[in-house]
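Each of the next two complexes has subunit A plus one more chain, namely subunit B in the first and subunit C in the second.
The block that comes next holds the complex of A and B.
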């Protein structure tokens, strides 16, 4: 080594390991610290139940969206059947967490396993059916699932739905009434910490998956599955595997959704839910993990905001009797549709791409590229 | 026996509607490579327009239906011009999502303009029936079958004998060769959207004339027509018609024998029969009954 050699510049890449590092630059480590601080402090600063519940739903959605992004963004398998796996997770939580009364790790695990098994059953379809055919088959899954949820009343409570009494408690720690150092926190605060901690765990899992060998295999399959097979990627194994992982994540999201909402009914697991997840990963950015989270925040937050401020937006009817051209629900649906169209036409790579552009601008400043 | 024929007739009528919608899907898919989710919205708009033309403006039903098909065809061309043309070169998945976006916008527009109430377009068919022996045939069902047959025949003649039809077939077969021969791809794309939308509107009008009338959920029928398109093979118009009838039959027969044979499967199991049938057929034939097997190269 040269005498007096300094530490290499943080952008210097000397091997694959450097490329794969999660927190490579001081700035990214600073960003991590900021995120952790926000995570810890936000429920204490923002105590309103409305905002917390919006963020909790967004976090739950983010978990499912990360799963879908693995499947669609990374492996290129279009699935409209995400709602089916989310429903399976919710009902699993209702039975394992509620009826059997097991603690949270168990019902989360049970949901993940149930989702994984269902995904493993559906996954082999992807070997034979490709592209749009797969999209429509998974579309059928939503309808078949809806039929099962409505008729298999022992598991799901049928049309009228089922209460989900899965308690968010691990041993003495109960997230619905958290007590730290003598201070008791509300249910929403506890769930915020629980859900977003799980988002971090799932995101880390997914990130580790995609930045290593399986992830590269998935992307090779997405770009050209036959070419991938020729260079030695075991396509079948990876396609089924990513379906299992993605479904397990969806089921975990479903279990959390059920546990937080305490009640679920078949009306929730419609095609609209699946589409919503697809919108999230498109708006967030296909093939990025943090894009899924950003998308979930954006798409999950927008309807709640419109609902809340519908009285102040001109032309929107807040109740059945009041004036206005359209209801908040309709406005939501229209915005939803426009959002998809506008994003795909003008920013096909989503919010993640916007963020990367901004980042690139500052890293290369004062040069333009 | 009477039961069987009665149910089969209902199945053919239902299947005709599916066939019309699935034909629309196939025509757009063949010409532009797009799986058009917005068809359900287009169908709803067409049906509601026909309702407005007859009930509010007072045009005769047949003219109103034709006018609705025309208006919706213009709408389809509008989409192609304003939105879909920008998507050329984008990954197919993105284009599909755009059509899903359009579907949401269209369905919401329907509720904004016409509200959530059920509407009943004035039509000459109503609930009239014709009795043939023991079998009772609904006039609307007969017309649905006849109109579908006419539309299929007209399309066949159009694609087989007209210059534009030939141009569309060529473009579907090899877009670059078609361009080199001086065929305007724009015209072909616009035309295929127009035809598909008109077919959707026609299906919408026949559905709306039924006992259920018109409600914003009418577009959902297009989602059931998806299996028809897939079972037939995405790029086969003949397959779409065949599979549409097949799926309509399967659904109607399941509904007819629900109490005797399918009570174990839960109420309304007939609604998911199209999807179950689709999955079963795709496992045996991954490219549908008449679809072309995709030739893949590295």
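The block that comes next holds the complex of A and C.
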């Protein structure tokens, strides 16, 4: 009798429960282990505040980007109003976490609920309009928001902004000065763990959503809304639902942003912020969860890299009076624009598609397909 | 149809009239479809066949008349509400969700039979997971019935035309419908593909006993498969009966070949 006969092939699927697992193959489980190790070890290995701060901002952005990708990538609803919900979350953290002094779960929850309610109010507008018209309507949101943020000073502190004293603490665990086994970690290290753990949670929630009934319905609406209705999908209910979820995620990102930065002003929530999120999900990959995270890392990390190494890039001016034909800021803006053009022309499905191609190549190696 | 008072057809269409502005698409159309029956609707171009389907599944609201499914009215309900009552439909020019795999398309057919909402879906705990597994198993029965095994993970947009038509039939069957509306199931197919589809339709009938209404231009298919045939012309019923009766009806011949006068 063959010795190996008792052991099934490592990719054997023995039931639908196996088939529906997120981490099905040994390689994917290995990848997960690598990610967890990087998550745990990175703040200890890389202790520089600069890099940790870049990664924290990227993580916060990733949470918002996952929300926008659910709305735009999965449900096909283009929104330019993402900045509005992010702002709402930040001010919510300032008031609930700062003024009321409630602990982190509460101000995160409050931000999510506030974002969700606002999204639920905006959602019904999507029932009658779609595509570019929806983009224009949600664009209006940014400008209405701008007015509210600048004038409703009790909530927002007006033009001059407001401090956000929302502490990143749950009971005795304070992420701004973590102490584990006698070792104290810096604020940036603590926030890195906090933010990226939340990225994982939000990504998991989003992934679960898109692989179950409501998420499939969203994709059906994106691909063919009339056919979706004919098979019994309540289109309106699902469009509003995804607006609620997406805005809640945006608000959570905003709350974390405020809490980390400790100060926010209306100058942050411009149309450019919304556009940046759209760029992130396009560069990362529309209709993929991990693409949102990759996009946030890429779009967040690239300017930081250029900033950091502007002195060593030839022709880049590092400061006033130094030589060079271009400032780091201008170079960033140019590269940002160039990236959008290049991605839309050459890889409209984003970094996620590149990754999937690489994976497919190695899965089927030595065959080409 | 019978003198028995308790007799009630599955679907009853009474005096349905649908107008678009000055154009009358359907004019006082009445007929009934029995349980398990394969009912064909034919007629020249512009006769109102697709309009009739649109009324049946709630896409259009007829100005007059009523449509009853198992005694309950369908008229005035939204397409989603009609689908929830068990009316499935395929589209003339494919209504698949092209970025989703065949399995996901079929799972969407199960949508009306599932309950998971946003919260439960995101949590993937307990019922959401059990429901996914149970309905995935049900979808597999349809995949087997229609021989879609090689295409489970293929995005619907990449399927060959004939297979895509079959996948769409599969999605409708996954709904476990009481009534299946097929809008030109063999349109654009060659003889071999048409025969394949006919074989699948026969098999589906035998397996599920579902009542079907088929709109089709392929007369051989209609006359071979249908129990009864309804002939529409300019929105008016000109004949309804068995294929033999309809074929010999002078009004039908006139509508198709043009009047000699």
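Everything that follows uses one rule, which is that the second predicted complex is superposed on the first by the 347 of 369 C-alpha atoms of A that agree within 3 Å, B and C clash if a C-alpha of one lies under 4 Å from a C-alpha of the other, contacts with A are read in each partner's own complex, and residues count from 1 in each chain.
The definition used in the following text is that a residue touches a chain if its C-beta (ideal position, glycine included) is under 8 Å from a C-beta of that chain, and two chains touch if they have at least 3 such contacts.
Here the structure is a predicted model, which is why all the values come from computation and not from measurement.
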First (subunit B), second (subunit C), both or neither touched by A:224: both
Partner chain(s) touched by A:173 [first = subunit B, second = subunit C, both, neither]: neither
First, second, both or neither for A:133, with subunit B first and subunit C second: first
Partner chain in contact with A:20 - subunit B first, subunit C second, else both or neither: second
Partner chain in contact with A:234 - subunit B first, subunit C second, else both or neither: second
Dominant toucher of subunit A (residue count), subunit B or subunit C: B
Touched partner set for A:354, first subunit B, second subunit C, both or neither: neither
Subunit B versus subunit C as contact partner of A:155, first or second or both or neither: neither
Which superposed partner A:209 touches (first subunit B, second subunit C, both, neither): second
Touching partner for A:306 - first (subunit B), second (subunit C), both, neither: neither
On subunit A, the residue positions that both subunit B and subunit C contact, one per complex: 224, 226-227, 230
Residue ranges of subunit A touching subunit B (in the complex, touch as defined): 72, 78, 125, 128-133, 135-137, 139-141, 143-144, 147, 150-152, 224, 226-227, 230, 271, 275, 278-279, 282, 325-326, 330-331, 333-334, 336-341, 344-345, 348
In the complex, subunit B residues that touch subunit A: 29, 35, 83, 86-87, 90, 92-98, 100-109, 111-112, 223, 226-227, 229-230, 234, 265-269, 271-272, 274-276, 278-279, 282-283, 286-288, 294, 296-298
Footprint of subunit C on subunit A - complex, ascending: 15-17, 19-20, 205-206, 208-209, 211-217, 219-220, 222-224, 226-235, 241, 244-245, 287
For the subunit C and subunit A complex, residues of the former touching the latter: 57, 59, 78-80, 83-84, 88-89, 91, 95-100, 104, 107-109, 111-112, 114-118, 120-124, 128-129, 131-133, 136-137, 171-172, 175
